[in-house]
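Take a look at the structure set out below.
Going by the order they are written in, the chains are A, B, C and D; count residues from 1 in each one.
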């Protein structure tokens, strides 16, 4: 490894001249500088730096999944990087508490000077959403509209172009589809599965019917929900029914990919599934953390503005709350437990299958 | 201070014989013990211990507010204890991450043995809600019903009795009503306020109308919302209109109390308002933390069960998400910013008023 | 309030062109870009942004304390801003976990290109230390030396100039000295105090002597420590002894200031002391958080480098651990509990004194 | 899966009658109940519940490692459970902030009634230390002595018995020793390694010598440290030198185990090493979190008591700080980076070796 030839100085290396001079107060242009506008700017800059980091990790993961196959080494690196994203998200969520040290009155001292800037104009956040898989077709109507119209032309076309590239969601879907593990000779896993779910659903029905703490109305309600669950199970293994559910939006992954993911969840302790299971779990957590961030962000905006309009001319918190649930990308993994069977309801894997799923080397 | 006469031993003092022997696995009664049921039990026991601590602090605060007046020393103690509750809530929210280390499949290994136990049966959590101010009349219909029917008779009547006692919400409302600070001779604050809000609303209207990044539809939508805000302002200082809004549920505090709270927020830097402002801010945060807890809890339940029914025979996460927003107690403080004016729109307080709000001793 | 005349765009407002283009990899100059160097740069940039924010708050607090007196409004604002610093410090401490997602091997892939840059060259961190009160004379020898020699001339003279300006520590010391509250007619608090401490120390001696779980060696050790405590108490009210202890470095505040701080702690529930007590508690927490940061930072460096040298050519973690304890600024507040008496050992304040410490307005 | 035959009620299931009645105030026996003693008790009870959970996980991991070999499924489960311990530790560290809401004065209101109880008497904490690997021989002298003498006879003999059983440290050491992966035909990894380290150390020496920001004294100091590092490297591959270093306490793992751990760290991205690497990383983090806990705990005790003696009759914080560094169990993993080589200094693994380290199934 060569060494650097020119000595490096901390401040130069980090570009601190640029970073630390990039806080230009709007309030200072029109009145005396508002003390708290500095916090407002710096919090947002920190968010953008972290977004850059997340996008950097994400790009490398997308690249790994764009190839024809994902090697185990590559998957291991991807899991490592997704875990880093998760740690960063924890910080993103926690640092809302710093912004919340700004009282609504302090915010009012410079809010009016920011019109019509808005967090909706964060290109990196939109990139993050799109790259993860939140393309326009999945957005709610209001979001679809307003998504692009607030942006300058250059930014808009950049993002529109990004929409045409494969997202992580799409790449993971393809990768799951390629899994060769669902059917083996002499071992029809899905028949076992079908039988076991029948038993489980029957037992769930009994739990509801025997529950004396429920009123009749509640019981009817619960049985209705059970029927929905039964329908979901029925759709799982039936191509046509599956398509219908997918159109309704209740599934986002295609059938083959969902079944592969389910198999990984069911047999997660098999060595060969260990990394894939960790990978899917990471995606689930990233989605969950993003949802928590949306929710807490909406609360923060509400606390800061009440029903006042935001600087972008819209009451942000209403919109933000709407997108909290709708903008979930990997919700199929999140809902996976609907279809999971307890370990003792699962068939044991035949020896030859088990062997195939292990390492070449025996364990020590 | 006397000393103890019998030496104290750590384990005895903490009752560890009781605490550490209270983990009885249901799975062990019917099958081999499920490893993860221990986690399930201990997490819930930790929650209940913290609930006990929160209730202990809450009881002392309620007691302080039940008297005819709240001394400054008492208020100082209350703020200190509310801050403790807030720190505990942070832990309650963070420790969801521990429960989330249990995979859905691990949960399935003992779920069926717990029927029909349910977190809805936590008496301490219900006590907490009721004591804060979430009495039956404020609950959504489904919650009203199911609230009591899952409980054993003794618990039910205990809680129903608690509903008849003054909640912290009610006591704080009375305390705010007693504030003598709203009108002074020669200084009609509320007239100033009225004029200033007219100006602000007019300016907000212009912001919307001049915002070219909004489509016509969006503009109409924003203007409609502005009208709602204008109506809210109009109701603020008009007894009859206020009553109507209160009936709709948009205000929970009565008019006099809300105005007092607003005044405290507007002049929070006056020494006499420092503690009251901290007190109201604590209540706002407690409400916010409880809402975050409800939301994260709902997510955790969804991740664990998907659309499967819970042990109590209902799909918990749907219910939990419904109550996230509806069960907010101090939302008037949370929405207070709707009515706040920027500092430079506020009239300066006359010298005699300012003096009245300060200390006897001058500052050093 | 005027509005802005030129519309603001999110990315321009935040200077994102500068912020997001300031990640120049050293590795890219000499080899293929090291994936993890981006993390290394961004984490440090985020730290520097937060440092800027902390320095911004600190500057406003120092300004408030530079005047002849600190009004209650000003003190209230200072407490608010110190609390903000505390929240930021929590984030600074937590985000070490993000840096720790970089494995030692990943760090090795670009470490050699950074020579001789070092975190010791962070001007803002040094500013923070000096402004809080860590001037050269308080630094340990190694730190004194290396402090300046790694810096470029301009930075060095900037910091040396800063050393000549009053630090927050010095300003707070003066403010405490000005407190008029220590002696009142007809009420000699310090005589009461002296008597009460005698009783307490006698009781502590008995606790040790009667403790049968201690070995003789341990008992001797404990009694020796008690003698130190007795000596500290003796020094507290004796000018000459106090000076000696101060020279030894065990006290940093002068006697008058320390006694004022002690009085505030003893009667913290009196309205007039409420804010001063919060203020001193904030300083204590800031010091504690900085100490935790130093400790965790040292651990992280050790984990990353083992006993390898750092990029600055020194094994950072040894040095960092040394400064963890020595570089504490407000340790007198941290050790305050040594001198605190239990409430029931304290004399009640006479009515006239109590009245003087309250508000003009009676409580409601 | 059978269902339960007797319906389960939340409070009964969790043993809440025992849990919530186990808060017996000592202050109430001798004076009026101290409000904050409830917090003191509950915080400790929560700690003990979490300790129980950690011990439960630890027991299952120890059991898995006691067998003749550790299957990959078992290792996967162990990693999962270590990650759970890590999450719990985060909570343990964070909840110190709850205890810190108790002011020193509040603590003084009941401290004297607790004599001579002490946190040193927590049997579960001692179990945790011993089971992880902190047996008596590794404790510092003071800790060795005081460890047992404060305990009742039954507890003492229970722990002394535990010392005779294999700790996790010992079991992991054996497991690493069994690793067959260090030498392959036609591939002498350790010769490569030796050569590469020579180059690295030479380069480090140049970095120091060329660093003009260091004074002569500093340079000498750094070169002295480099010599220590060189000696450590020399010891690594030399049985006799290794033994000497081990006696000095700088290594705790035996040579073969340390080399195996080093190999795992160097090639962590190979599929077969993925889980072992995660496993060792978890142990490193558990050790780090425990160290942070010790440090923060010591700070908290200092803040609460200053130099006053604790209830157990000793000034806890001095002792606690001493054990912070000395009581580290897996410090060899923590210091592993000393011996790590950058990826580009490592020899590529031969194809046949690489194949052996992969899965039977090719990647998808």
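Quick note on the criterion: a residue touches a chain if its C-beta (ideal position, glycine included) is under 8 Å from a C-beta of that chain, and two chains touch if they have at least 3 such contacts.
These numbers come from a predicted model, not from an experiment.
**Q** Considering A-B alongside A-D, which chain pair is linked by more C-beta pairs in contact?
**A** Looking at A-D and A-B side by side, A-B shows more C-beta contacts.
**Q** Farthest from chain B in C-alpha centre terms, which chain would that be?
**A** Comparing chain centres, D lies farthest from chain B.
**Q** Roughly how many whole angstrom separate the Cα centroids of chain A and chain D?
**A** 33
**Q** Centre to centre, by mean C-alpha position, how many angstrom separate chain A and chain C?
**A** Each chain's C-alpha centroid was found; their separation is 39 Å.
**Q** Please work out the Cα centroid separation of chain A and chain B, and write it as a whole number of Å.
**A** 29
**Q** Residues of chain C touching 2+ other chains?
**A** 1, 3, 31, 112, 115-116, 203, 207, 268, 342, 344
**Q** Tell me, which parts of chain B touch chain D in their complex?
**A** Checking each residue of chain B against chain D gives 1-4, 7-11, 13-16, 18-24, 26, 29-31, 35, 38-39, 41-42, 44-46, 48-50, 52-53, 56, 60, 80, 83-84, 87-88, 90-91, 94-95, 97-98, 101, 112-124, 152, 155, 311.
**Q** Which bits of chain B are touching chain C when the two form their complex?
**A** Within the complex, chain B touches chain C at residues 1, 3, 69-77, 175, 178-180, 203, 206-207, 268-272, 274-275, 342, 344-345, 355-364.
**Q** Which residues of chain D touch chain C once you look at their complex with the stated criterion?
**A** Within the complex, chain D contacts chain C at residues 103-105, 107-109, 111-112, 115-116, 145-146, 149-150, 203-204, 207-208, 211, 213-215, 217-218, 221-222, 225-226, 228-229, 232, 265-266, 268, 284, 288, 291-292, 295-296, 299, 302-309, 312-315, 334-344.
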